[in-house]
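In what comes next, subunit A is part of two complexes: it sits with subunit B in the first one and with subunit C in the second one.
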Partner chain A sequence: MKLYDYVLSPSCYKARLMAALTGVKLDIRPVDFHPGAEHRGPELMALNPAGSIPILEDGDLVLTESSAMLVYLAAKAAPQWLGNDTALQAARVQQWLSFSHRLTGSLGAARLHEMLLRPGDIATLHGQGIAALRELEAGLVEQHIRGQRFLASDRPTIADVACFPYVALAPDGGVSLDPYPAIRLWSRAIRSLEGFIEMPGIHRLHELKPEPVLEAGEA
Partner chain B sequence: MLPYPSGSWMPVALSADLPAGTVMPAQTPVGPIALWRSRSGRAAAFADRCPHRGMRLSRGFVRGEALSCIYHGWSYAQAGNCLRIPAHPGLTPPETIGVATQPVEDSGGIIWISVGEPTARPPRFDGLAPLRSMIVEAGIAALEAAAGTKADGGLLDYAQNAQTLRLLLTPQGKARTLMHVLVDEGTGPAKRIAASRAAETLRRTAEDILRSDVAQ
Partner chain C sequence: MTRNAMIDEWYPVGLAGRLDTHERQTALMGEPIGVRLGADGNAKVTGSNGRALPVCIRYGHVWSSLGDPQKALFAIPEADQPGRRLVDVGVVRVRCSPLRAVENFLDIAHFPFVHTDILGAEPHTEVPNYKVEIREDEDEVWATQVKFYQPQAAKSAEGGITTEYMYRVPAPTCSILYKTCPPRPGEWDVITLFVQPLAEDLCDVWPWMALFDDETSMADLIHFQQTIFLQDRSILENQIPRLLPLDPGMEIPTRADLTSVAYRRWLKRHGYTYGAQLVAQ
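Right after this comes the complex of A and B.
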C-alpha cells in the first residue's frame, strides 16, 4: 500500500497514524508539497485530479479522501476500529467523520494561513475553529458522562483518528487549546495508545517512558 | 481592584480534569499557572514559566513526584525547587533555582488556588457535584442577564428544564469568565447531559448579549 505523503500535512498524518495503530506497513512516497507544489504536477494530477494529498494507492484502488483511507486501513487490518457494533456507535462514528472536515476547513485553513501565508479571513477561520472545538468539547463531556473516553465508544475508533490531528495542531493556526479540559484528556488518551506515532507539532507523552539515565560526562 | 483579594481562594479547575500524573494551564489574577498533580495524587500550582528559558511549564510532563519542562527537561519538586538538569547529570541544582508556587486546596471536586497566604479554608458546596468547566467570552453581568438571576458569593443559579444549575463564576479580565457548572449530587446521566447542554445555551445567550451591547 503506497501513501503519497507530506510530513507536515495533518491529513497525511491521519493515514500514517491509522496504519501505525493498526499495524499496517505503508510504502511512503514523499511529496514535495511545499515549496515544490508537486501535488499539482502532472504525475500526481493524473492520480488525483483534485490536486490534494494524501493519496493512498493499493492495486487499482486509489483513495483521495482521508476518511476513506481510515475506513480501508481499519477494515483490512483491525475492524474493531470501525466502531460499528451498534446503530448508535456507527452513527456517532459517521457524525464525527463528517464533522472532521469542518476542522480541516477552519483550524486547518487557519494553520495554512499562518504557516504558508495562504489567503483567508483569519478572524472568521478562528471563529469557526473555536465553534468546532466547543462542539467537540461538549461531545466529549457527554461521552464522559456516559462513561466513555472516546468520541463514539469507550474504545478508540476511526472517528478519533479523523478529528485528532487538526485539533492537536490548532495552536499552529493561532487557536489556543487551553480552554478545553475534555479535549486535553482525550488527546492524552489518544497519545497513550499502543502504536501511537508523532508528527512535527504533535509529540508523544514523554512520561510513558522511564527517565533516560545519563552518566556525568556523557551529555 | 482584583476580584480576589490577597488571601482569598479562587476555583481554577475541577479535580476530575487533572488526573494523577498530568499538568494543565490555568489563569489567576497574578498570572498564568501550571497546575499539576503528581503520580501519588498531590496537586501543586507553579508560575507558568520555566526559570531556565521561559517555556510554559504547563506544556511539560509529570514523572513520579516531579514536573519537567518540555524544552530542556529541567524538573521541579512540588515545593518548586529544581531537582534535575538533564544536560548536567552530575550537578545537584543550586537551591537558588526554583519556581514560584501558590497554595492549592483540592476539596469537593474543585481545585482552589490562594492568591497570597490563605486566611481560611476554601468554601464548600455541600450537596453539589461539579459537572464541567467552561470559558465564557463575556463578563458576569452578561451571564446574570442571560440567567435572569444575580450571582451571590460567586454562585449564579440558572433554572432550565426542571433542574437548577449552580454556576461558580470567576472573572478572567473584563469580558471573560471561567464557569464551573455544579449540579445536585446524585444527578443521573440523562440529567447531567441535559445540564451540560443547558450550560452551552446559557453561554451562547450571554455571549450574544455581550455582542449586541458592544454593537449598540
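Right after this comes the complex of A and C.
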C-alpha cells in the first residue's frame, strides 16, 4: 500500500497512525507540500483532482479521503477498530468520523494559518475550533459516565484516530487544550496504545517508557 | 526608543525561487514590508512608506534590511561548493522571540527529549565538553568539537553514529550548523537557520541546507528538516519569558549551555536586543 504523504499533515498522520496501530506496512512516498506545492502539480492532480493529500493507493484502489483510508486499513488488518459491534456503536463511529471534518476545517486551518502562513480568518477559525473542542469534551465526559474511555466504545476505534490528530495539534494553531481535562485524558489513552507513533507537535509519553539503564562505563 | 543595532542587519524575507510579481506582504521588526519580483526581473522589497529597502539574493533567500547594512551578508563558502544539494526547506512561523529560535538551534542537550530516536536517545543524554569562543576578527560566535550520539543524524545516516558538530552565529538571527556528513567523511553538511524577526515575540523561520546526499529525494530532505524543526516549534512557543533573557540573574546555565551563554553575551555586547529581555522581571 502506497501513501502519498506529508510529514506535517495531520490527515496523512491519521493514515500512518492507523497503519502503525494495526500493524500494516505502508510504502511512503513523500510529497513536497510546503514549500513546493507538489500536491497541486500534474502528477498528483491526475491522481486526485481535489488536489489534497493524503492519497492511498492499493492496486487499482485510489483513496483520497482519510476516513475511507481508516476504514480500509481497519477492515483489512484489524476489523475490531471499525467499532461496528452494535447499531449504537456503529452510529457513534460515523457521527465522529463526520465530526472530524469540522476539526480539519477549524483547528487544521488555524494551524496552517499560524504555522505555514496560509490564508484564513484566524478569529473565526479559533471560534469554530473551540466550539468543536467543547463538543468533543462533552462527548468524552458522557463516555466516561458510561464507563467508556474512547469516543465510541471502551476500545479505540477509527473514530478516535480520525479525531485525535487535529485535536492534539490544536496548540500549533494557537488553541490551548488546557481547559479540556477529558480530552487530555483521552489523548493520553491514545498515546499509550501499543504501536502508537508520534508526529512533529505530538510528543510521545516519555513517562511510559522503561527507565533507561546506563551500562557501566557508558555515558 | 533608541535605534536598535539590529536595524542595520540583513534578514531573510522570502524564498528567491518563489518570487512572484504579486507582492507578498510580510513584516520586519514591526514594520509591514512587501516582497515582489520587479518588472526588471530583480527582487524588490518595499517598506511601509513605500521606500525601497536594500536587497540581496543569497543562499536560496531574498534578504533585506530596514536600515543601512554596513557589511555584506555573511559568507558561507561551502554554499558554492560543487556537488552539494541546496534545500529550500520553506517558512515556518513561530510565536517566539527570534533570538529564542536561534538559541534553541544552538542547544544540543534537548535532542534526546525533543528529537527522540532521531537526533538523540536516552540514555545517551550527556553533552561532552566542547569549545566556545567569540571570534574577534570575524565577530562571530563559534562552538567547535561538539560531539553527540545520534540514532539517525541525517537522512543519509544508517543507524546510530557519534556526530560531530560546529555551530556558528554570524548575525543576531542567523545560525549555521556544520555537521558530520555520513556519505563524505571529509566534508561537513551545512544546515542553517535564518530567522526573520516579525516582532519581538514573533518570527518566520527559514531553514536552509547545503548537503552532500545524492540518494535521498528532495521531498524527503525537506520532510526530515521540517520534522526536526516542528518538534522544536511547540517547545519554543511555550518558553517563558517570551523574550530571551539577557540578565544573568534569570537562569543558572550548565556547561552544556556554553554556546547559549556566549551567544547572549555577544548579543548584549552589540546591543542586539530586539526580542531580548534586558532586566529580569
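FYI, the second predicted complex is superposed on the first by the 212 of 219 C-alpha atoms of A that agree within 3 Å, B and C clash if a C-alpha of one lies under 4 Å from a C-alpha of the other, contacts with A are read in each partner's own complex, and residues count from 1 in each chain.
Assume contacts are C-beta pairs under 8 Å (C-beta built on N, C-alpha and C of every residue); 3 or more make two chains touch, one makes a residue touch a chain.
Keep in mind the model is a prediction, meaning the values are calculated, not measured.
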{"item": "Which superposed partner A:H206 touches (first subunit B, second subunit C, both, neither)", "value": "both"}
{"item": "First, second, both or neither for A:Y6, with subunit B first and subunit C second", "value": "second"}
{"item": "First (subunit B), second (subunit C), both or neither touched by A:R188", "value": "first"}
{"item": "Touching partner for A:P30 - first (subunit B), second (subunit C), both, neither", "value": "second"}
{"item": "Partner chain in contact with A:G120 - subunit B first, subunit C second, else both or neither", "value": "neither"}
{"item": "Partner chain(s) touched by A:P171 [first = subunit B, second = subunit C, both, neither]", "value": "second"}
{"item": "Touched partner set for A:G105, first subunit B, second subunit C, both or neither", "value": "neither"}
{"item": "Residues of subunit A contacting subunit B in one complex and subunit C in the other", "value": "203, 206, 212, 214, 218-219"}
{"item": "Complex interface listing, subunit B residues touching subunit A", "value": "13-14, 17, 19, 21-22, 24-25, 61-63, 68, 70, 86-90, 131-135, 189, 192-193, 196-197, 200"}
{"item": "Complex interface listing, subunit C residues touching subunit A", "value": "15, 18, 88-93, 95, 113-114, 116, 122-124, 126, 204, 217-220, 222-223, 226-231, 233-234, 237"}
{"item": "Residues of subunit A defined as touching subunit C within the complex", "value": "6-8, 30-32, 34-36, 38, 114-117, 171-172, 174, 200-201, 203-204, 206, 209, 212-214, 218-219"}
{"item": "Residue ranges of subunit A touching subunit B (in the complex, touch as defined)", "value": "134, 138, 141-142, 145-146, 178-179, 181-182, 184-185, 188, 203, 205-207, 211-212, 214-219"}
